[in-house]
Every structure is written in C-alpha cells, then in structure tokens.
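Per-chain residue numbering starts at 1, and chain names A, B, C, D and E are given in the order in which the chains are listed.
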C-alpha cells in the first residue's frame, strides 16, 4: 500500500460517533447524587454517620482491590461503582452501627456480592443489600438498634455503640438515648411505631427527615430530588421507582380504606422507611434489574407489592431490602418472560 | 393467622420455611437440576406431583400404622410405599399422557428416594396434620421447591455468561447462590403471622 | 465413583483413607448435603449425626456385603433400602433413648439418613461387590469422612454463631455472635467457603506443579 | 415347590422371581425382627425420658408439684386422658402437691412468632386465677433476639403471677392478657415485652390470652373433678 | 426512556437514537461540480450482485457517458465512462472502501475534456412498455444511491404473486453530517418527481410517499409546492431520528406496517427508493444515459471546504480530499456516514456509486475519544435504542462467550441490520455491532462448511 500518506489514518469499524456518556460517568454522577443524602445524614446523626460512611467506603475499596488482585483482573476501583456500593451500604445502616460490623458488611458486600461473580456487571444481587442482609442476619440486635438524630453534641461525640471493640458486643445505647434524646423520643422508627403502636408519624416529618431510621433513609424528599437528578440525566431508569410507587399504592390503598386504624395510608407507606432510598437508588441498580420496559415495570411492581406485604403481614417492620433482593433473584425469570416482540416478527410465531 | 389454617400452612411451607432454602431438604436435585430453566421447571412439576402422591400415601399408611399400633415400622413403610406409589402413578402417567411423561419421566425415579419427599411425609406426621392440612402442606412444599429451583436456574443461566473467577466456578458458586437466595428469603419470616 | 468397580479389592490403608479425602462424600462428591447443612449448627449435633450415619453406613454395608450373592439384581435397590431403613429406625430409637434433647435438635434428619445418597451409593457401588472386610473398612472410611465434613461445618458455625464449641465458651464473654452462621444462609455460606478454599488450594498446587514442570522442562 | 421353581426359572432364566421374593421376604423378616427388638428394648427408656421431660416442664411452670394426671378438656366435658379413646379435647396436666391437693393446671398453647410457630407449656393456678409460669417447648426464633423469651429473667418474671381473673359470667377473662411495649407495663394482666423482640413477646401474650379465654372458664367449671383427680 | 416522546406528533418508529446532526456545515451549500481527477478508477463490483463485465481494452479511447462494462447477470448493472479519456489498464487489485480489493477499469482523463455528456439518446417514456422501462433502468447502470448500492431495476420486478402498491421515496438522510439528499430534494425537485412517475409506471404502484425528516422542512415545502392537488405522490415529514432512513423503519413510520422478519418490503407491497436514485433516474432515463456521477457530501471537522459535490464515479478519494482540503489533525476518513460508514485504509479508493458522503474526523474529537471497554452493566440502553427491538446486551454477552449459534437461534441475530444504535448508546463502550458482524460471518461460514 502506498506509504505516501503523511497522516496516520486510523481504521475503525462503524459507529464512529459515541454518545458522550460512559459507565464511569454514570457511576460518578450517582455518587454526586448520593452526596447530598450523605451530607444530610451527617448533619442529622453527626460524626457517627460520617465515620460509618468513611469506614464502609474504605473497606469496599480495599476489598475490591484485594479481590481484583487475587483473581488477576485489573483494579476496577476507578469506575466508581464500588463507591456507590459503599455509600448506599452506609446509608442503610443504623447511625450507631458498630464500625467493625460495618467493615464486615462492606467486605461481604464486595466479596460475596460482587467479586465472587466476576465484578462489575456480573453480580446477581445488589451488592450493598447483600452486605446489609448479611449483617442483618448476623447481628440482628445491632441492626435494629436505632438512635435519635439531632442530639446535642453529635458533632463531637460518637454514639457509644459506634466504637465497639472488634468482635465484641456494642455498648447498650438505652442510657445514652435517655440522656441525649429530646423528650419522649425512644428512637423507634416510624414503621415500628406504626406497626406495633399504630402511631403514624406525620408525612411532613417523613419528607424532611426529622425521624429515626437508617443513616440515609430519613429524608424522603431529599432522596427523591437527588434521584430525579439522575432520572433527568437518563442515568437511572425512572420507570422502576414509578412502578414501585404504583405497586405500593395499589396494595396499601385498599387496605387503608378497609381499616385505617391498623393499616397506614399509602402516603405514609411511600415516604417511610427505606422505600424512597430503595426505590430511587437500589432497585435501579441496572446490573440486577431487567431491561425491557415490561420487565422493568413488572420488577418494580414486584418490589412494591412485596415491600407492603412484608411490612404489613411479615415479621419485620421493614421490607424494602428483602423485596429488592427477592426481585433481583426473580429478574432473570422476569427477563425471560418479557423479551420484546422484535420488529417484523409474525404474530403466530409470538403466540406459539 | 391461625397456625393451623390451610393458607398459613401453605405459605409457611412455600416461603417462610422453604424446603430447600430454610430446611435444607432436597438439595441434591436442587443443585443437580438447576442449571437450566427448562429442566428446572420440569423437575419442579415432577416434584410437586411426587410430593402430592407421597403426602396422600403417607397419610393413608400412617392411619393404618396408628390403627394397628405398629408405628415403629413407619420409616420402612413410608419409604416402601412412597416408592411404589410413585412407580404406579408413573406407569399410569406413561399410559394416559405420554407427553406429560416425557416431561417428567426422567426425573421421577430421581426424586422418589429423596429427602424432600420423605421429609415431607415425616413432617406432616410429626405435626399431626389432618388430610386437608397435609394436602396444603405438600402443595406448599412443592410450590416452594419449584420457586427456589426456578430462581436458582435463572441466576445460574445468567452466570453462564459471566466471567467468573476460576475458583468460584462449580459447586461452590451454586452453594453461595443458594445462600444468597436463602438470605433473601429471610425476609418472608413471620409472613402471615398476626403481629398487630 | 470407586476406582475398582468389579474386581475384589484387597484391603489396604487406602480403602480407608479414600473416604477421608480423595472421595470425601461431602467435599468431593457433594453427596448427602441436606443433613450436612441442616444439623451442623452445633458441634454436638454434627458429632451425633456423624456417628449415627457412620453406624448405619457400616451396618448396612456389612449386611449388603454378606447378602451380596443372594440379592437378585432387580430387587437390589428395594432390598438395600429396607436394610438401611431398618438400621435407621434402630438408630432413631437409640438416640431417643439416650437423649430426647438431642433427638429434638436433630429432628427428622436422623430418619432422613434413609435417603442419604452416601449410604445407598456405598451399598450400590461398593458393598454389593466387595468382601465383608473391605466393605466394612471402606464404610468406616466414608463414615469418618462424612463426620469430619460435618465437624468442619459444625465447629465453624458454632464458633462464629454462638462463640462456643460443644457448648463451652471459647471467646470472651463479650463476644458478639454472628447469628447468621447458625441460620440457614450460614450453612450454605460456610460450605461454599470451604469449597472455595479447597478449590483455591488445589489451583495453587496445580500452578506450582505446572511451574515446577516448566522449570524441569526448561532445565533439561 | 421345586417344580414351580423350575418353571419359573425356565420362563425367566435370569430372574427367578422366587429368588426375588425369597430375598425380599427374608430381608423384610430380618429387618422386622431387628426393629421390633430395638423397639422393645428402647421403649421403656424412651417413655421414661418423655415422662421426665414432661414432668420437668410441668414442675417448671407450677412450683411445688409432686405428681400429675393428664386430662382431656373440652366444652363437652373433662375426661381422663388414658381412659375413653373416643373422648376429644385439649390435653391438660393437673398437678398435685405432696398431699394430693391441686397445685395448678398446665396447658399447652401455640402461636406464630417471628419465624415459625412457638409452642409453650404454661401453668395456671385456679386459686389466684393467675398464670404461674411458662416453658417454651418448641420455637425457631432468632438466637440472641427472639429466643430470649425462653430464658430472659425479666421477661419470665411477667408470668410468675400474671392476672387471669374470670369475668362476672365466668365466660372469659376479666382483662384480656396483652403484651405491651417494653417499659410500659402498668397492670398485672399485661406482659412487658423484650426490647427488640416485640414480635416474639407478643406471640406469647397472644397465645396465652387465646388459650386462657377458652380454657380457664372450663377449668373453673370442672374444678371439683380436677381436685379429686388424683385421689379418685 | 421516552419520557418526552409521549408528546411527539410526527410520524415515527419505536426506539432509535438522536445523534448530533452536524448538518449545518453543508446543508446550505448548493451542489458544486468537481473537476475531473487525472486518473479515474471504476471498480467493476460497485453494487450488490455479480460484477460487471468489461467491454473495453487497455489503450481504448472512451467518451464520457459511454458504456465500458456490461451487466454480469440479472442482478448486476453496466458501467459507464465518467470522463473522456483513455483506458490505461484493467487492474485486478484495486482497494475499495468496502475493504476487499476488486478488479477495476482505470482511465486516464484527457486534459480539458468537457463536463458535458455527449452520449445518449432521447426516448419517449410514455411510449415504452413496462419491460422496456425496466431494461432501460438496468441499462442506465442505476443502483441505490442510499448506500446499499442494490441494482435498482431488480426491485422493479416483484416476485410471482406479489404486487407493489406503494412506493416509498426515502429522503430521510438520517446519518449525521450528510446533506446530499437534502440538496437534491431542493435543487432537483422536478427531476425527482419525474423519476418517481417513471418508476410508478414501471412498478404499477398506485401511490408514492416521499418521507423526509422534519429537520428538512424546506425540502418538504419545496416538493409539496410542485405537487398538484390530489396527486398520487405525497410528501410526509417524519421524526428526525436515526435510523429513520432504514427502509424497515421508514415503512413503519409512514405506513405503520412491518416488514416480516427475514422478508423484504415487497412482501407487504412496498418498494423503497432513495431520493437521489429517483432524481438521477429522472434525469438519465429520458436521454437513455448511464450513471456517471453522483452528489457526495464532504464534511466533518477535518475538512477545510466542506460541501456537496457532484463527483464523477471513479474519482479517487485523494483527489476529492485535495479539492476539499483537510486539516492537519485529520486522522480518520469515513466513507458513508459516521454511523454506518467505513473508515478507509487508503486514500486511493475511488468514489463509487454507493458513496453518499465522506466524513473526516480529527484526533481528540469529543465524541470520538477512545474509552475503556467495561463489562456490560445491563443498563438496557441498547434495548431502548435498537429499532428492531432486539436484545443487543444479551447478544453481546453471548458473543463474548462465543455462542454464535444461540445468538441466531434464540436471539434473532439475523434480524440485526447493523445500524449501530446499540454501540452508539452503550456506556460500557462495547463494540456490539462489530460483534454481530463477526458472529453473522462466522455463522455463515459454519453453515457453508456444514453444507459442503
């Protein structure tokens, strides 16, 4: 071939244009979207929350690096997905969760939830939730110990259980709560209050986040807005939260109409507990959700319905995590029954 | 909900105390036949079917055993009668519905002497279920088994396309998957109990 | 399965040792997983279950081997099952007599030994073809291998899940148990982790072997 | 016989069904023999074990008991458990002191807890009309959380004298037995729940209330028969 | 994720992508003639089907417009001399944009030869019967100018039992940068309509619809202005979206009908032609001339004088680039549009009948940068982009574990028409379309060797 050409001509195959959005960018933007939620949680719960977030982040990054090295893959920390996992994990833990248990959760989340399956894109369940579900089963007491927010001195003093010695039981927080909390505040979450006492927390409190709960789940409004940012940048599939909200409403509304003394209103259902965080940031983890429109809607619906069923009829007060995990497990099956009809495919073929 | 109600027995056997994921019964077929959705589905159907047959036969035998006060022969009778009942039904199916037989046939002999089936019969006896309760229990167990099997098959098919690390291929991976499923199913704890 | 399907095997140490490692029923052949996972939430249960299985395994192998010439092929499985069921029933009653608490802890799993694939597998693949001596030694090996596997799981799960072994406190009083370990998922995870560990060690050994071979090949 | 055997052998040279029958029959006989032997040998020991277990449980929930007698109790009446086979009812254990005086009644109750059904034995004292103790027979509650119902001293204290007075018509409890939030017990008929295990605690309250509403009026009705139970 | 598509009004199809159009560079520039290159290279296989058979010998003089090769079969077309000059050789290994080297006729242009075409006969189309019209189309050497270069006359003859009822004229030009069809519609409206009428007569179609993307409303208006009231020809605006110009998509948009999987438009009574094809036919057939030049858009950030040029077929790219000028950073020359076109390995390749544009990119173009390839994160963007509704994610994963047969049997690989939408949107930067090309080729090979 003639070598007279001065310039190097590169040979590539077609699609010479590329949409200016990459995995790394998506993941980075999810991290951005989570930062306000983290900031609010630190404001609400103080340095304990900050320590929790930092510890899970560090653990997840180290675990990811370790497993990449062990399995001979290039280090994949740079794609930011591990940071999302870490942040979401921290946001779903109670504020006074012992740090050593958070390390366990982070290690399990990345090790068992992600690296074991080959890393980004191959995991079968949401890694952050795998981590949380593991510690929930391992340390059921610690993970259902809630402490109130906005206590005085939260920026200089840790919640006593936070600093438990590794492998040792955390200190009891009852006394601490009684000393620090505002009047009558027991640290019970709105869902527990509703379920066991039939006391319904006002929707305004749920929206603004002045209630007890996991580090990052308290302010439904803030989470919703941050999620919207992602939806508008098309980095998150808005159909999933929409289907979840629909599923929640469709089950809880008739129940509420039937007996509003026992069953909470759909609004309460939507804004309490981890539903908003779960719907906006966790159910939308694309790796473990179906891809087709019908699939995605079905998936969201399953999560919504399961969440309400577990909350109202199950042993737990909170159902989002398990609902998402079960839906993750279901998603290959959902995908296989919701493959779209391709262009030009004959009707009878589709039916047979 | 009343712990003896049919719905609760069904739900309990299908989800809360799922045979595979919570009680560890029937792991061999669970691990052996969950690689493909299609086989998993057929296996699930076959298991449901055998469970129903053995539940009914166990109920009958137990009645006789109690009547004659020879409960010490229970184990031997259960295993013998279940195996023959399944064999008989298998022959009937083969005769009357060859297509159904083709779908279930190869699995039936595998299942007959399997701990999920015997476990089902023993549990229903220990818990002193009456006939309808036994039916609810066995259908619940069968449905639960099928659900677990299908979920597992879906996940394993998905992982076929993944770039698994070399150490986590094979049985270890299946067990870890089962563990994750079992973890997820913990969410069903207490479902249907009244907690108000 | 067995290396020597039909010819009579002379009893060697290997007849016994095979069951411990090379053909370990749990870790290598993945048989009888249900009891392995179900009863290993404490060491005591693991030991009891191991011994019960060992007994049934040895007794039924012996009987099968004794009767091997008299059992027609068509009814062999039925015969084996009856023999196994007999011994299981006996074990069941004996354990009830020894301790009701233990019996309640093991639940239906004692009776489920009947369908444990290890036992039927031994009867079919080994005892029905070998002399009594070999059958017994092999069965003991398998039974011990099974018990070891149960112990591997039982100790880890009890230690992490309750901080004790055989009920004795191992860690300090303040140890926070990992409850998940004695719950169902823990069973799957611990067995999975053992298998991962074995696989990792095996692969490392193979790599080293390959490297060594490569070195000698280059050297020569 | 031998000719029949020959014919059989002739028809199916490889599988003489006589041999099959012989083997199966022989093995079945052998196994039957072994099982019966084992059963005979262990039966007394097992029954003894069971008796001890029950007695232990009864004495756990009714202090000072020396002997007990089993009854079946239902709306139709009170029957001795080992008498009439057709009698139907819930099994109750009447517990007697050293002098044969009725110390209390032990009853079983069950309800769904956090994970699975919880089954308990609890004692009822007819004189103070109160519950005197509970013992968990079977549960699958979370270790470290729900399983505290079996041994948490604060929780068990609730049942040392839990008020179970009957109402005026003697048709049910004057005050329903309820489990209340940890730290908010005010009345003698309330059960203070274990913090962090509300569900398991509530299950206990529920099952005692449900069983009590049904059984206590019956017990009071048949009190005389129960009192003489041991002597008669 | 069509949150906003809920409100759309123009006709369109499902899915597809919206790349930056970049048409402003050339859309306003009228078609300009290009001078002759000193050496012309006319490959004998510029179209789909059998190569043409040369009629000339080295050393022979040819006149612009004269046939120099005849059709090599029914699915084949003749070639005509683009310039007046002398046949230098018939080379066997000339590189082409498509890649493989093919035989070609090389002509040395006479200096100062005229652009006028001296070859051809006036003919009265009204008098010609259908068969004659069809052979006239073949004689003109016309192939689809929309890119696929399929011999146009073949589409005029529907198979037994099928009739063409509707003619669709493709004026979408959905590829970024390209504006040649746009200019043709504006400047050659009369010829375009004449061509359409001819073809309607040749096919017996009862109506014709010109589909134009709604970013070219001026073209729509220009065409509509020339259409009489109640005409059987109409002109419709369709949504601006890639690949609106793909015939299956355009049929869906305009007629709301789908071409059956594995079938052709004719199966539902439709034939699709590019506007450029029609305009050229409208010009050539009445004078029984051959196709010797076409409009080519030369554009892209690496070009100094972008524009729509009327280029003689056979002009080497090097000459074209010299005329249009390229910047010093130019590093990639694409023949066709940037979505479906191909990078050329050498500037010696000639402009052929199917070349609608030449796009030159510079190094470090924003949407061009090399990105790392991540594993598929199952985001579903590709599913939402694929106009055929395939599952490119699944296909890609299957391709990476080499299950090519499963791709075909279970996931409709063969329905993929390689539009590139999926790779365009993939945030993991997986070369999906490339995988599918390879998979198809390998499957074909497997089948061929199985048959052999």
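Just so we're on the same page, contacts are C-beta pairs under 8 Å (C-beta built on N, C-alpha and C of every residue); 3 or more make two chains touch, one makes a residue touch a chain.
This one's a predicted model, so the numbers in the text were calculated from it and none came from an experiment.
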Both-way neighbours, i.e. chains that touch subunit E and touch subunit B: A
Taking each chain's centre as the mean of its CA atoms, which one is farthest from the centre of subunit E? D
Intercentroid distance (Cα basis), subunit D paired with subunit C, Å: 35
Subunit A to subunit B: how many Å between their CA centres? 33
Could you please state the distance in Å, as a whole number, between where the Cα atoms of subunit D are centred and where those of subunit E are centred? 85
Length of the line joining the C-alpha centres of subunit B and subunit C, rounded to whole Å: 23
Indicate the residues of subunit C shared as contacts by at least two other chains. 78, 82, 85-86, 89, 93, 179-180, 183, 185-186, 189
Specify, in ascending order, the residues of subunit B that touch 2 or more different other chains. 72-73, 76, 163, 166-168, 173, 176, 180, 183, 186, 189-190, 192-193, 195
Expected list for subunit E, residues touching two or more other chains, is 375
Contacting chain pairs - touch in the sense defined above: A-B, A-C, A-D, A-E, B-C, B-D, B-E, C-D
So, in the complex, the side of subunit D touching subunit C is made of residues 15-16, 19-20, 23-24, 27-28, 30-31, 34-35, 38-39, 41-43, 45-46, 49-50, 53, 138, 142-145
Contact footprint of subunit A on subunit E as seen in their complex: 1, 3, 17, 19-20, 95, 176, 248, 252, 258-263, 328, 330-334, 336, 338-348, 359, 361, 366-369, 371-372, 374-380, 383, 387-391, 393, 412, 415, 418, 420, 423-425, 427-429, 431, 433-434, 437
Using the touch definition from the top, list the residues of subunit A that touch subunit E in their complex. 1-2, 5, 7-26, 79, 118-122, 234, 237-239, 286-292, 296, 339-346
Once bound in the complex, which stretches of subunit B touch subunit A? 37, 150-151, 154-155, 157-159, 162-168, 173, 176-177, 180-181, 183-193, 195-196
Under the stated contact criterion, what part of subunit B meets subunit D in this complex? 1, 3, 8, 12, 16-17, 72-73, 76, 189-190, 192-195
